[in-house]
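Following are the structures in question.
Same chain, two partners: chain A is paired with chain B first, then with chain C.
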Partner chain A sequence: MSSASLTILIADDNNTDRRILSAIVQQEGHKVVEATNGEEALERFNESVPDIILMDALMPKMNGFEASRLIKQRAGNQLVPIIFLTSLQDASSLANCLESGGDDFMSKPYNRVILKAKINAFGRMRRMHDQLQSHNRQMLLEQQVAKTVFDNVAHSGCLALPNLRHSLSPLAVFNGDTVLAERKPDGGISLFLGDFTGHGLPAAIGAMPVAEIFYGMTQKGFAMEDVLREINAKLYTILPTEVFCCGAMVDLDVTNKMARIWVGGVPSVYLYRGDSGAVEKVASSNLPLGVLPSRRFSPQPNDYRMHNGDRVFLWSDGIVESHNEAGELFGEERLDALFTHATDPDRIFDDILVAVDQFIGGSRPDDDTTLLSATMVDLDVIGLPLLHSNKASIGGPMDWQMNLQLGPQSLGAFNPLPLVLNILTEVEGLRSLSGHLYTVLAELFNNALEHGVLGLDSKLKQDSQGFAQYYQLREQRLADLTSGQVCLDISHRPLGNGGELTFEITDSGPGFAHSHQDLAYLTDNPDYSGRGLALVRRLCDELDFNDAGNRVRATLCWPRPAWSELHLNG
Partner chain B sequence: MTADQPDQHLDDAALTDLRDLLEDDFSDLIETFLGDARERYTELVALNQHPEPDAQTVRGTAHSFKGSCLNVGVTRLAQLCRRLEEMANADQLDSVDSLLADIGTELTEVERLLRSQYL
Partner chain C sequence: MTVSAIPNDNGTEITIKITGRFDFSSHQEFRQIYENAAPDIQGYTIDMSEATYLDSSALGMLLLLRDHAGGDNSDIRIVNCNEDVRKILSISNFGQLFRIE
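And then the complex of A and B:
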């Protein structure tokens, strides 16, 4: 490598030696700055910022060792190679040159060939160091930009809701853990906790598509299984084999008081019962995301009845696997004890964080300790979601109607609600109502499917055993379904300064046995089909069943009065 | 190596190298060396006249003197300086009078040789 011109500080009190050195260095095309003692060397260093320093060890006023120490201190992160010039021969003196901050030494008399080679070598090292420094600065800058983009994508969603708590302790600018929460159109909450193998940039990159898919699909009302399938497929395609995402996903259905839980690779999700203080553990029964190809990935979440005040706790392995200075793991037993001895459920979350923190003590955490908890509450505690749409159409379609008929195979394989909701929100005036619309649509469609086509009795859902049985039956009957259908007729027309939307949902079932009863009774009786129908009636302007009870018609006009004027607790 | 032969006053190969390196500045360098050497010698004599010579200062001056002698290829003088440095280091300064005298004689001889052969 040809030697670029460097500025070289020569500090030597001996005029003869300095002149010889100076001549050698200048002959190589470098610029020379001279100093005759340590103090001068320090002054010259501050003025001229030399690339390399040739320093005599023994000098008056301030010797070379002291000057080197001060120069290295002042240089900070800058690499300023110092070559000691010495006629000292004993090993300990030479070692002292290096220990006091010198990078090399040269013995007198100077061998010009060796001196040139050393200057070139240190010049190269200096340039490489500068490049590294500049790369590092560039990298930090890029990380800042990437972090901004990342934060925009993996934004905090609805983590600020009063019934959610979370804690993320990043080990680097980026965190291998991801915590996401988003409202579902039906008012529920979807939670995701992900722990990527590794830390930093590679882990954060994977988190971006996860967040994008999670938010996009959850807002549109897709089921948990669909979201997980999509995330898995995406991660399987984009991540290298050794990188994958352990995770847990929980859907809180605040209307039907239910939690759907999927755990893949992270420690058991804890379900804490508010009244009894009992803990149910939902162990991981799935492979992490991004491991299996789509055709072999089949998420199997489980449903749990959740009363108000019941809580779920999700965490990455950072909690149980954090260890103290003695090398002991925090472990599940310590975690369980916190739940057993809890006197105030509201404090468990903080107790865990404090306990882990105290346990770790002075030792550095090895993994990201991430914790997320959610409490089951009523919808009025968290309100209906305000889902934002980025679609730019103005006005949108005003006069249209559509018909969708789903046969037995389609009913088992396809959830039409996200698709229908997408079409409805093309109407500008309906966009802000997507939460309402989903609730109405989901309630009426599920009634048609579960009671009409599948003939399930909602009375089953009254206790938690029956609740589980109900969903088991639903699954089974759906799988065995050979006949039956649900028809959705949806139309919209302009009305006044807004519009009028009509749903008509017809099922092939026999209708309700007690269809002669007063509608008010049907819709206000929570035993009949949960609290859903009562809510639907409040959200709609009109709600009628036909005499047979297998067709329901709901009409909804917009603009709507503000949500606060609809008294949920009526 | 010629530098290790105490009988040799000058290392001619080293001096020729220096002359090639410094070109027009060479004579200036030799003058500087001789001036400094004379100064150091005077300093050493003065230090030695002190009832209790400062061994550290003697050592430092001898060390530095030795260094520049080596650099300009003044071999035997360098050797004598090293001996003085070693004695100072061992705190044996009570018997250096003859060594100092040798240094003075050698310095005069070196100056004569340099002036006749290189200037």
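And then the complex of A and C:
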């Protein structure tokens, strides 16, 4: 290792000493640059960028200590080893050499063998440092590319909606944090906050498939459980055992005013009531994603009623676990106090960020303060989503009909809506209407299933207790279902310069004619259950029920006026 | 942090004691302990009485141990957790995979 040629700056005011030293160094094959005082040393340093500096301590104009300080300052991240050459012998002078930026010292007169050895050792150290620097530059470059790719994948969603707020530091992805939001075809919003174990690229890499699956399936109208199942299966397959994803997912149904919440491994999701200021905590009751094999993973989200102005807050453990210089944790009490003392709900989000920032003061957070919140609003605040399709086929099928009959087993285990929506959007003219179509289809299908086949009474949903009971009953009856069916008859025909789509949905139930008061109730209390039906009526050209009330027929013609022209509140 | 292992008298069980912060820095040490343990170990006890904190990397290490110990057929107890440690285990619902006592 001794052979590599270095440029060595020798600063010594004593001509004899300097020439002797210069001769020794040159004999070793190194190039020498000479200086006779500190000022000159500084100038030579700027001109010739030496690899190692041999510096006399006491020199006129500027001594070696001062020159070292300035050179080290200028060198910045570059390692420029400085070896002091000194006739001083006392400990405090030698210590001063190191404190002013020197890396080593040698006492005069020089021992030639030791001098050679030191030059070689510092030469090695410098090469290692250069290598490290170059690896570090390479890593930063790679991270930048990775981050750009990640941003393209992960931030294609709807985080910019006016009712959403999020905080995610620019390089949080390398802390394993990710925040995603996407519109559902029915106009709702799906939110996901994830926190992968570990740091750096291993933590960031899992976020890619999560984002792909989340966006792809949410846009197609898959239920939260299906999306979570798919993410879990993917992560379980591709990630090593010790890497997994703590996360929370929230579906906001802006039409029926509810939130479906799943929490697996991150701190409780907070549900903040806009009118009372009360907070309900939805604690993690699931293992993180990517831990269990598919056959054992069974996501069980809970449903909550949400009035306009109610909010959900999702976070990684970065908030409660951020700590101050004394090592104290921010903790749940401080977080809760922010909610208790909030005077303006709009400010809570910023208050949290400011409070955490003030709390940690000068100390750097271990994790990132990743935070996501959403406010329940009416659909007209955020509009129906424009879901773009990448398919390029023109026209598509125009004259066709299909029939899908679902028996009890299928009703319990299969959501036909994504499949049907997929077929419908093969018709070029219907593609931009997938939001409309999904809303109509979902509302009518769920009515047929819940009221027709399962015999659930929508009056139950009047208060929040009944609301929970309703969905509990729904699940239970669906699991116990042994008979009954829902038929979907769908047809399309060309009409004018567009087409006409007809849905006919028939259920095996007795029909709601047995309780006309139900229908009256729906009309009188749109706030609870009639919203859906009222919306469907506005989205369709025709909507009618048969006499018994177990068959509904909806017709939609396209091209259609834009959403904004539909007068949502009319 | 330090990790130490104490086998029981007949060598079929082992107690792994964690001291201090249980985080990524202990990855190597923790792994070596269970990989170097006798092959006929059937039961593992993780003693957290001296553990002050664990992070998500530590949870990952527990999963590695679980795989090593036979996955679904493994027998791993996590004992003497302080409140912070217990909370982290419960948020992650690791009670579904380990016996937390």
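The rule is short, and it goes like this: the second predicted complex is superposed on the first by the 482 of 570 C-alpha atoms of A that agree within 3 Å, B and C clash if a C-alpha of one lies under 4 Å from a C-alpha of the other, contacts with A are read in each partner's own complex, and residues count from 1 in each chain.
Here, a contact is a pair of C-beta atoms (placed from the backbone, for glycine too) under 8 Å apart; a residue touches a chain by one contact, two chains touch by 3 or more.
Treat the numbers as computed from the prediction; the structure is a model and nothing was measured.
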Please indicate which partner A:Gln472 is in contact with in the superposed arrangement: first for chain B, second for chain C, both, or neither.
neither
Classify the contacts of A:Ser285 with the two partner chains as first (chain B alone), second (chain C alone), both, or neither.
second
I'd like to know which partner A:Thr148 touches here: chain B for first, chain C for second, both or neither.
neither
Under the stated touch criterion, which partner chain does A:Pro267 make contact with: chain B (first), chain C (second), both, or neither?
second
Among the partners chain B and chain C, which is in contact with a greater number of residues of chain A?
C
Now for A:Gln409: first (chain B), second (chain C), both, or neither, which partner does it touch?
neither
I'd like to know which partner A:Pro109 touches here: chain B for first, chain C for second, both or neither.
first
Given the touch rule stated above, what does A:Thr241 touch, chain B (first), chain C (second), both, or neither?
second
Touch check for A:Gln138: first (chain B), second (chain C), both, or neither?
neither
For chain A, give the residues common to its interface with chain B and its interface with chain C.
none
Please name which positions on chain A make contact with chain B in the complex.
13-17, 19-20, 23-24, 27, 58, 87-88, 108-110, 112
Complex contact set, residues of chain B against chain A
3, 14, 17-18, 21-22, 25, 28-29, 32-33, 36, 60, 63-64, 66-68, 70-73
Given the complex with chain C, which residues does chain A contribute to the contact?
195, 197-199, 241-244, 246, 264-267, 283-288, 291, 317, 366
Under the stated contact criterion, what part of chain C meets chain A in this complex?
24, 55-57, 59-61, 63-64, 67, 90-94, 96-97
